[in-house]
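In what comes next, chain A is part of two complexes: it sits with chain B in the first one and with chain C in the second one.
Moving on, here comes the complex of A and B:
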């Protein structure tokens, strides 16, 4: 998987290379995203739940992309972190009356630790070991959630019905949840924008393109992958906390399931791996399509996801934003070559 | 549960189920070894085999062990077609595209099964298969015995094919060095299609012999894929004999864990074993060395 600008043949060497869109400032577009969702709140007050699920999915996918896209280590177990976040809020609220913001910190720390150990275990090995282990670990967590009935309520589930209120805000109100979700999405986008434009971001891309060369350039691939994984896991778990409060009824089946992991990965792949706004675009497309064709999706959502994965990988491996970015870069190269 | 008899009972049950896991895992391992493709749709092909056996049984009254003769060639053909149409286009692209495509295929298959057959579990009732045979104080269900026998025949056949025929030599050559194989005149795309077909035939055959043993649910494919991964990693990715050992081991670990520890975690023991192997011996219990970064 080689992404990034590839120069067309025949470009004059003297021409000043244009700034790749990768480096174009993301902040105006970020403000646009914030404004668009804020407008959603006032224009579609009856579709707040849809907006929340969209923003959370977009946030998870953007966090997934930090590892799966920018670092090139596709994970099919990110549902583990979503479930970890949701269950941490639920379990600590029910058993210890812990405030949800402390629970969120705890969940992020737990996710980061899990990712660190997990990375230690698999990032040192070449081949498909990492992606295989992601499924295994999500599955183990699901079995724990089903079997540890005293803590998690088993297969029946766990209900969150009482939470401490930050600044007197009722966390079960869809209005409050909407703004929290928007804040979460923006936080993830800002973190990913900062990380990918910084030193770690370049190292991540170097590891993705060619691990041996990256190592020759003095980069420690295991450390870089581990950092990307830790960040990705903690951010996903934070979104999982919000999702837990949003659902208020936690069950192992939808939370830890492979399908959720697949959906997170899929929207990032459709939108464009290794692009800042790709996962958001993918999440928006999938969520809105699912809403429009709800009756079809209810029966055949996996069929549609499956076909989409096959088609996108076969015919548009860069995803929507990746394809757009390449066109823009090519046009700029062509222009600068003409002088 | 104490004493030798229950232990032997668990051991034999685990080995018999493990034989089926081995059958599933061998196909996955063979495909990986030759094509470097991890087939995420493997478990869904097992489910296809199960449902094919059920349909043939319900519609035509065909004994599932007879329908093996239909399921295995059908799996071979479907596998060849899938390989030619989809996977062959991606095999030379580095990265995870084949993994994602097979994952997508698996989702499509399991959803189609759900749309056709519904979510309720289905099974085959064979009066003779539900009987048990007593052997030195150990109860052996007939269905499991037959499954063990069929597995033994199929795996022996595969082993003979790989080691005793010219075609098997070509397959092994492709696995060892694709370019080298091409240089000596082996049509490696054909070998790839063939290997994928054989893998799918084994998966569907495993599904057929599982049909009288277990309930078929459209979504169960993912758990078989997972078991196949565990089997191959236990035995070493890409090693066919390793997958046999890994399968038997997984069956025994599951049976022992379920009866001596906690049955709720039955599916987790294999995964724990998988993580342990990754931690201690990533080349697999029977494998050679693995590349480290």
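Moving on, here comes the complex of A and C:
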């Protein structure tokens, strides 16, 4: 029995039944994710590359979701931050022999700065206009990468073939990359879990739902969007650093392309925007489905891939985890109302 | 002692239209000021000007401090809470989450915010629906949620924009009693209201707007018998 409007008031607080709390713990499920990918390493030792691309995509999409899902400002420019991370490692290693971990910090700082500046310029834009403006971020970086030949190798690209080794680990080994990618994915999930359970996370939801109402709650929408963008960009860039090492051959064309930006956004949308595990679920579904269809259906794989997206969007507009979560919320309320 | 809220010569223009024209008002702690007038008189626009949602000329002071250049969120942080005429719950969130968001403004952390949020929900009698999706609430409860959200920022001045509209008689009575108790606890309240029962029962002072101008000011009884007010509502004899 919960406290109702008709229940006697003024009862001692200690006598009250425990109130249902929002702050359910995400940590057990996080441990499960860690265990599942650790198992992958031992069960599918021949599919490490697939695991790496899956975890990186999941990490980017989870980071994208901070801005696109939790804060409601969809971006179609996140390839910019992936490319920025990859190129920072490549350029600094080739030209300055900088250690990759310093390059990673540099890439995150650069991505954060870029997001901050871009946000200042464009957060005044509403709805689709903001989305369109984000496409330009990756486009601008792509042009820079093509034209700054001395640093980036231009359209031909850049090879990463020599990196300083942390603790004697060979970063070009798929085994090492697998564990680094898992570490990256878990880091992003932990950051997003912590952020979304705290003040900033609720401010982000408020801005997504209604900016006027958010202001009436004392929230500065531009500041909140800027924080979300900065965090999202920096985390994406970190994954970009790993991707650069994984690819070892960097070219402006696939790295800064709209296709990659769309993929990141799509994966998060299908899995469920504004849910902790939605982007991961979306990334797993899309990556594994693409792999499966590519091997079994050959030419028809793109068609089936497209159909899958249409089906999810039609029948689960909130995404897979979004619909599930909605159901859980309703069930929890029904339970609390029954007492 | 500065007044809780003081406005002077507030003017709002939309292109060539003067929606609010040089309106002044003042409000003390514990007082309830009513803002009435026919549809389109500029009541909600005046509200939006005072809380910062539309650009306005003129001065607005909150406890002696000029706020008329501040963004809405900055005014909220100082202690100006408001409800919206068309309730604006955070649709995708539960009732508790809706109130948790404003509660975070003055809380040290999530646990304290949750306590503040529950206190506000209990005040308006929605605590037992804390986990319900806010989009499932009916009109009367959405109004109460709107009020809980405004209370959760722990305001000193409360702006209520047609909070009573559409409530059935028992709900109306309950809401009137509740607003009264808020004023008794020291809140300064300014309300736009069409329900005259609420206005006469709650407000010591009433300002009447018509075509953006203040045409009368006084106790509800005096104002309701004012010739210009009757004319504004019913239309004048031919001129």
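The rule is short, and it goes like this: the second predicted complex is superposed on the first by the 289 of 339 C-alpha atoms of A that agree within 3 Å, B and C clash if a C-alpha of one lies under 4 Å from a C-alpha of the other, contacts with A are read in each partner's own complex, and residues count from 1 in each chain.
In the analysis below, a residue touches a chain if its C-beta (ideal position, glycine included) is under 8 Å from a C-beta of that chain, and two chains touch if they have at least 3 such contacts.
Not measured: the values here are computed from a predicted model.
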Message = Contacts for A:195 in the overlay, against chain B (first) and chain C (second): which applies, first, second, both or neither?
response = neither
Inquiry  = Quick one: is A:333 in contact with chain B, with chain C, with both, or with neither? Answer first, second, both or neither.
reply    = second
Request  = May I ask you to decide whether A:219 touches chain B, chain C, both, or neither, giving the answer as first, second, both or neither?
outcome  = second
Task = Based on the superposed arrangement, let me know which partner A:241 touches: chain B (first), chain C (second), both, or neither?
result = neither
Task = Considering only the touch criterion stated at the top, classify A:262 as touching first (chain B), second (chain C), both, or neither.
result = first
Task = Check the residue A:310 against both partner chains and state whether it touches chain B (first), chain C (second), both, or neither.
result = first
Doubly contacted chain A residues - partners chain C and chain B = 215, 221
Note = chain A contacts chain B in the complex at 1, 72, 74, 76, 121-129, 131-133, 135-137, 139-140, 143-144, 146-147, 211, 215, 221-222, 258, 262, 265, 269, 299-303, 305-310, 313-314, 317
Remark   = Touching chain A in the complex, chain B uses residues 38, 86, 89-90, 93-97, 99-101, 103-112, 114-115, 222, 226, 229-230, 233, 237, 262, 264-265, 267-268, 271-272, 274-275, 278-279, 282, 290-293
Ask   = Which residues of chain A touch chain C in their complex?
value = 2-5, 19-23, 197-199, 202-203, 205-206, 208-210, 212-221, 274, 326, 329-330, 332-333, 336-337
Key: Touching residues on chain C, where the partner in the complex is chain A   = 51-53, 71-74, 76-77, 81-82, 84, 88-94, 96-97, 100-102, 104-105, 109-111, 113-114, 118, 122, 125-133, 149-150, 152-153
